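Below you'll find the structures, each written out as structure tokens.
Okay, so chain A shows up in both of these, paired with chain B first and chain C after.
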Partner chain A sequence: MIRSIAQKEFISTLRDRRFAVLSGLVLLLLLAATLVGRASFRTLQQERQLAQQTVNDKFRNQPARHPHRVAHYGSFAFRPKSGLSLLDGGVDSFTGSAVYLEAHQQNSINFSQAQQAGSLIRFGEMTVAFVLQLLVPLLIIFLCFGAFSEERATGTLKLLLSQGVTLRQVAWGKIRGYSQAVALVVAPALALAAALLFTGEEFAGGLDLVARLALFVAGYAVYFFVFVVGAVVVSAWQVSSRAALVTLLGLWILGGVILPKATANLGATLYPTITKAQMDAEVHDEAQHGIDGHDPHDQRAAALKADLFKKYGVDSEEKLPVSLAGVQMAAGEEYSAKVYQQHFAELNATYERQNRLSEWAGLLNPYQAIRPLSMSLAGSDFAHYVHFQQAAEAYRYGLVQRLNGLQASMGYGDKERRLDASTWQKLPVFSYQAPPLGWALPRLLLPVAALLLWAVGLCWLGLRLISNTSVS
Partner chain B sequence: MTYLLEARELRKQYADKLALRGLNLQIAPGEIFCLLGQNGAGKSTTINLFLGFIQPTSGAAFVNGLEVAANPLEIKRHLAYIPENVLLYPHLSGLENLALFSSLAGFKYPESELPNYLTDAGLPAEAVRRRVGAYSKGMRQKVGIAIAVAKHAKVLLLDEPTSGLDPKASNEFSELLHRLSGQGTAVLMATHDIFRAKEVGTRVGIMREGELVDVRPTAALNAQELEQLYLTYIH
Partner chain C sequence: MRVFSILFAAEWRHFRAAKGLVLLCGLLLATGLYGIYYGTTEIARQRQQLAALPELTRRNVEEMKAKFPGPADAGDIGYYHSTFAVHHPDAWAALSLGLRDVNPSYVKLRLLGLQNQLYATDNTNPLKLLSGNFDLAFVLVYLLPLLIIALSFNLLSSEREEGILPLLLAQPIRPATVIGAKLAFRVAVVLGLVWLLSVVGMLWAGVPLDGRVLSWLALSTLYCLFWFGVVLVVTALQRTSAVNAVALLGVWLLLVVLVPSLLSLGVAAARPLPQGIELTIKQREEIHGGWDRPKAETMNRFFALYPQFRDTATIRERFVWRWYYAFQHLGDLAVAPQAAAYATGLQARHNLAESLNLLSPAINAQTSFNALAGSDLPTHLAFQRSATRYHDALRAFYYPFLFRKVAFTHTDYGQKPRHSFTSQPELATARRGLLKLLLSVAAVFGLGLVLLRVRPVLPR
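Moving on, here comes the complex of A and B:
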């Protein structure tokens, strides 16, 4: 019975000119967003690869220099785009893509697309995720708002039920039929995206990418299912098709616009972040005067000098087998890195708390459940950004300390000397490896649980409601 | 005697209105019972109670000896329903609509057999595969009849089935009802059409404000007498 009703809904939907026009538009948007996303991905990826190669070459090809000069010359780390970011750019457009790596300080990541784009970017980008998260639900609403109310108004519901079908069977048949119609619209775009992902030579994600894409598709399948069930339930609950449409559109605006904005504002109010200028001032102050005002820089330097004299049994800097400046640089770097790490950790924890609030809101709003899930699987969420940030800092710290070590090994009077150009060839260059899916999985638990709760809860509660709905 | 349709002290109270006041009714196999009455008299409520779409406040309705409230799905195997305006699914053809409703009722007919039900109900052969959206009301009503016939139901519940049909279509419909009653089908037809009721019915009942105020065999009255009787109760 369910199958027969599903087939009827599917065929009727396909033959409905309104659906053909709307779904054609959505499909075109999806295909366009996929192709534009891929073109943008390729351009950015090539630019970043070229830039990384260029700065790496320049770094390794420096002339004979003092190691501390090399540490200040620094390098850049460019964040490579993840394969699935062509489907969901996440926060990539707003976070930076490159970080300047130099001695003494941990710089923030700069050069985001949002900084270089016009104000229109604030209205959102036409990405596959945007179409899937907001426009496909709108299509589902227009597809399903009359599911029950129209049948009730025309009397066909009575005719159906008089054949010995239950209201639940009618509802499941409709849900199945509409789901097939939605799949018909979404599947070609996702198939195209998969083909682009797995055939493009620049995409080398292997099984990890396959697993991420599979979960991405599964996540959206549940998301659309929630909307189909929700729309069918509202259609049964409301007395007329018009009332059902108005209710569904109201819920769409609430879930897609008002709640996310309200949650973000609430998060920013509950967990405020400090400005960059404030943070720079605090970091500088703590590096100079010590964390919490204790252990100031000059006292630390004097203590280190005394320790070195004692260690080597000397009474002057000239007699030391190592460069005092080099050792002090290494100690200073260790201290300032600790200060920076502490501040960045606090800042990231604040952002995490803000994001977490939004993720919990997924229990109230499926849109806020699919967004973090989609971004995380695409490798374009805040956590993946922080992973890159930490990888870049680990590289910077290691490089600078290696250069400080080289300086220390030069002994007294190192400032008057230089190290051979071949020294820089032996230094490692920055190469970033994005985290695997397993790393991201714990972060997916809440949004996945929220989506599943929505699906199960709506089916359970909604179908109970439908069973008691009026036939005429 | 086993009645195919029976109402015992059937009562339906809505929030602000008593729609049915203790209806007692028995319809035997092969009988065509026509319910006459104004809008709001309780005709459609009676049909909805037999269909199980609404629950009685008290009393009970029976289909083929089964209480409707206790056997809401089982009783539907025994009855077919034709509403006043059969709208069907406009994006499907008459044949597809018939196939759908038949399959839901548990009948899977060979594709060669299905069109016969439609043409037997009076639908022109060339319209069988056309979408119902382009059908006239009479054509849709014929698909509704074909759906009911294809179900091989023992009971036919008709809610103003001839409303808006042209005289030829109404006449064909009457012939069909005679044919079905001849095969033992019990028919309960709610109608405003006194003359159609006289023509097809074996008994007529007049309803007023939720009450069955008079029941007469149609053979005992001519059309004028029935009209006079009806007007007496209505005014």
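Moving on, here comes the complex of A and C:
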């Protein structure tokens, strides 16, 4: 019986001209967004790869220079786009794409897409995720708002029940029929995206990508299911089709437009972010006077010098087998990097506190559950960005310390001399490996739990509500 | 006229009785107030942050004085001493924050090459940037149309569906009067809300009493009227309430979400931007090449720009500051065309988007609000130009010390040029926006009236 109801709903939906027009539009937008996403992915990826290649070549082909000059010349790290980011750009447009890596300081990651797009970007970006997260639910609402209320208004619900079916069975049949119709709209676009992902040679495929895409699709399937069930429940609960539609649209606006913005803003108000200027000043102070304020830079340098003299049993700098400046530079870098790390950790903790409000709001609002899940799977969320930031810093620190080591080994009077051009050929260049899915899994727990809770909760409570609803 | 006022009064009683509608209006009022609160606290926070910068500079000067107790080489000061170019918000920015969170509101400057300092960003939470600002402009541009839709999607259709319309039309009343009175009542409610919120916002933000008060009110009024025009068109088509709701929400989706995001893609494709990072890389090559080039070559290129220093002594030392700053200066000069192209490219994108915003009154309203508040891209570019001039002034201040070998004393810190920049509104943009909005309003009302004329109102 459930099956024949499902079939009836499926077929009558397909025959409905309004549905055909709306779903045609959504499908068109999905396909367009996939192609646009791929085009912009390609451009950005090529630009960044080329730029990374250029700076790497430039770094390796430096003339004979003093190593500390090379440390100041530095390098750049460009953030490669992750494969699935063509489906969900996440925060990518609002994070910088390149960071200058040099001795002594950690620079900001500059040149975000948002800075280059003007205020239009604040209206939202046309990505596959946007269509899936906001427009498909709208389609579902238009599809299902009359599920019960219309049958009730026309009196067919009574007829149906006289056949010996329960309300619960009717509801399941409808949910199944509508779900099939929604799948018909979404599947072609996701299939195209998958085809693009696995045939394009620019995407490093592999099992990781397959797993991410599979979870991505599964996540959205649950998300759409929640909307189908929710819409059917509201349709049964409200007196008229009109009331059901208005309620559903109101919930969509609340969940899709108002809540995400309000929680993000509230988080930022509750936990203010320190400015870069203030943070840099504090880092400088602590590097100068010691993290506890009682270990000034000059004293540290003097102690280091005395230690070196003792270690090598000499009484003057000229007799040291290593360059004092190089050793001191390395110690200074180690200290300042430690200070920077503490401050960056604090800053990221502030951001995480700010974002936590939005994450927990996922329990109230399915949109705020699917959004982090989708971004995280696409590798375009805040955590993946921090991963890049840390990889760039690890490379910077390693490079600068290696150069300091080279300087130390030059011995006394290193400032007058240079190291051969071939030295730079042997140094590693920056190449970034995005983290595997396993790394991202712990962050998926909350959004996955929220989505499943919604699905199970709605099925349980909602269908109980339906079986108690009035028939006429 | 009497009929009109009777209908108007009936609407008022009807509205008071409908709890849901009153609740919706209350909800909009609440979100509007939150928007104002958020905007003003955000601007207050930015002001507070900017106010803390002189203290950082003061502490830096203290440190410099301790490090160089006697007369110092100005080269050391230029290298270690940092100062700030600051972009103060206009009071109006509290109502429309625009891009003030995406772009930094200060730049830390040293005497070194400018181009690798100018594009540094402040600490920002990307997820917060993605979610956007919940300011009054957002409430007016995004949410207000939804309230208008909720209040009026069943303007006539509910009367028909409840069977009242035949009774109403049996009276000696023209259908146009019925629609007019119903629409007028809703316009009065919504405009009352909008003006209340705007005035509260202006008072809270403490804006100066100038022509912008009227411009803001005119913009928001016209934007509301545009949406009522859309309601009129949909009402004139005389479909069921459900169809009306879907159609109106579809228009909202089209104008507030789809057109802006497609326009953004179109503008990016039509006005490709030279990569900002390219100029930073090129400048680095130039500056670091300076270490390896013969000193005479660098100095001769520099003296071509500053002939007044040509008589300074030839450099024989391994390192002197004036040579160092000369090649820093030349590094900026080498990328001047790229820097200009980057800035004009950004401006060109903005201009194209602005000239096409007739496509969506929502973009138009947002652009115009931002223009009034001076919180959009052009203002940021003006700030960058101002910061560039400030850096030039710093060079003009330090160069005589460096080239004339004048010692830098403690009193000289006070002589250093200072910087301050406050957002200026783009009144011309706002005026154009107002005109275009007027055009949109005229278009939808014209269409609505024509439709009403050709399709007589049917009682059922």
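Here is the rule we go by: the second predicted complex is superposed on the first by the 471 of 472 C-alpha atoms of A that agree within 3 Å, B and C clash if a C-alpha of one lies under 4 Å from a C-alpha of the other, contacts with A are read in each partner's own complex, and residues count from 1 in each chain.
In the analysis below, contacts are C-beta pairs under 8 Å (C-beta built on N, C-alpha and C of every residue); 3 or more make two chains touch, one makes a residue touch a chain.
All values derive from a computational prediction rather than experimental measurement.
On the superposed chain A, the positions of chain B and chain C stay apart, so the two partners fit side by side.
Applying the stated contact rule after C-alpha superposition, one finds that A:Gly155 touches chain B and leaves chain C untouched. After overlaying the two complexes on the shared chain, residue contacts for A:Ile11 are found with chain B alone; chain C is out of touch. After overlaying the two complexes on the shared chain, residue contacts for A:Gln354 are found with chain C alone; chain B is out of touch. Once the two complexes are overlaid on the shared chain, A:Asn468 sits clear of chain B and of chain C alike. By the touch criterion stated above, A:Ser316 is placed in contact with neither chain B nor chain C. With both complexes placed on chain A, chain A has more residues touched by C than by the other of chain B and chain C. By the touch criterion defined above, A:Gly164 lies against chain B but remains apart from chain C after alignment on the C-alpha atoms of chain A.
Of the two partner chains placed by superposition, only chain B is touched by A:Met1; chain C is not. By the touch criterion defined above, A:Thr269 reaches chain C but does not reach chain B. Of all Cα pairs linking chain B with chain C in the superposition, the shortest spans 17 Å. Touching of chain A by both chain B and chain C, each in its own complex, is seen for no residue at all. By the touch rule above, chain A contacts chain B in their complex via residues 1, 4-5, 7-8, 11-12, 15-16, 154-156, 158-166, 471-472.
Remark: chain A residues 18, 29, 36, 47, 51, 54-55, 58, 63, 65, 69, 72-74, 76, 78, 90-91, 93-98, 100, 107-112, 114-126, 130, 134-135, 138, 142, 145-146, 241-242, 245-246, 249-250, 253, 257-258, 260-265, 267-269, 272-281, 288, 347, 351, 354-355, 358, 381-382, 385, 416 touch chain C in the complex. Partner chain A is touched in their complex by these residues of chain B: 48, 51, 53-54, 73, 76-77, 79-81, 83-89, 91-92, 96, 100-101, 103-106, 131, 144, 147, 151, 157. Across the complex, chain A is touched by residues 31, 34, 38, 41-42, 45, 49, 52-53, 56, 59-60, 63, 84, 98-99, 102-104, 106, 108, 116, 119-134, 138, 142-143, 146, 150, 154, 161, 241-242, 245-246, 249, 253, 256-258, 260-265, 267-268, 273, 275-278, 280-281, 284-285, 288, 291-292, 318, 346, 349-350, 353, 362-363, 366-367, 370, 376-377 of chain C.
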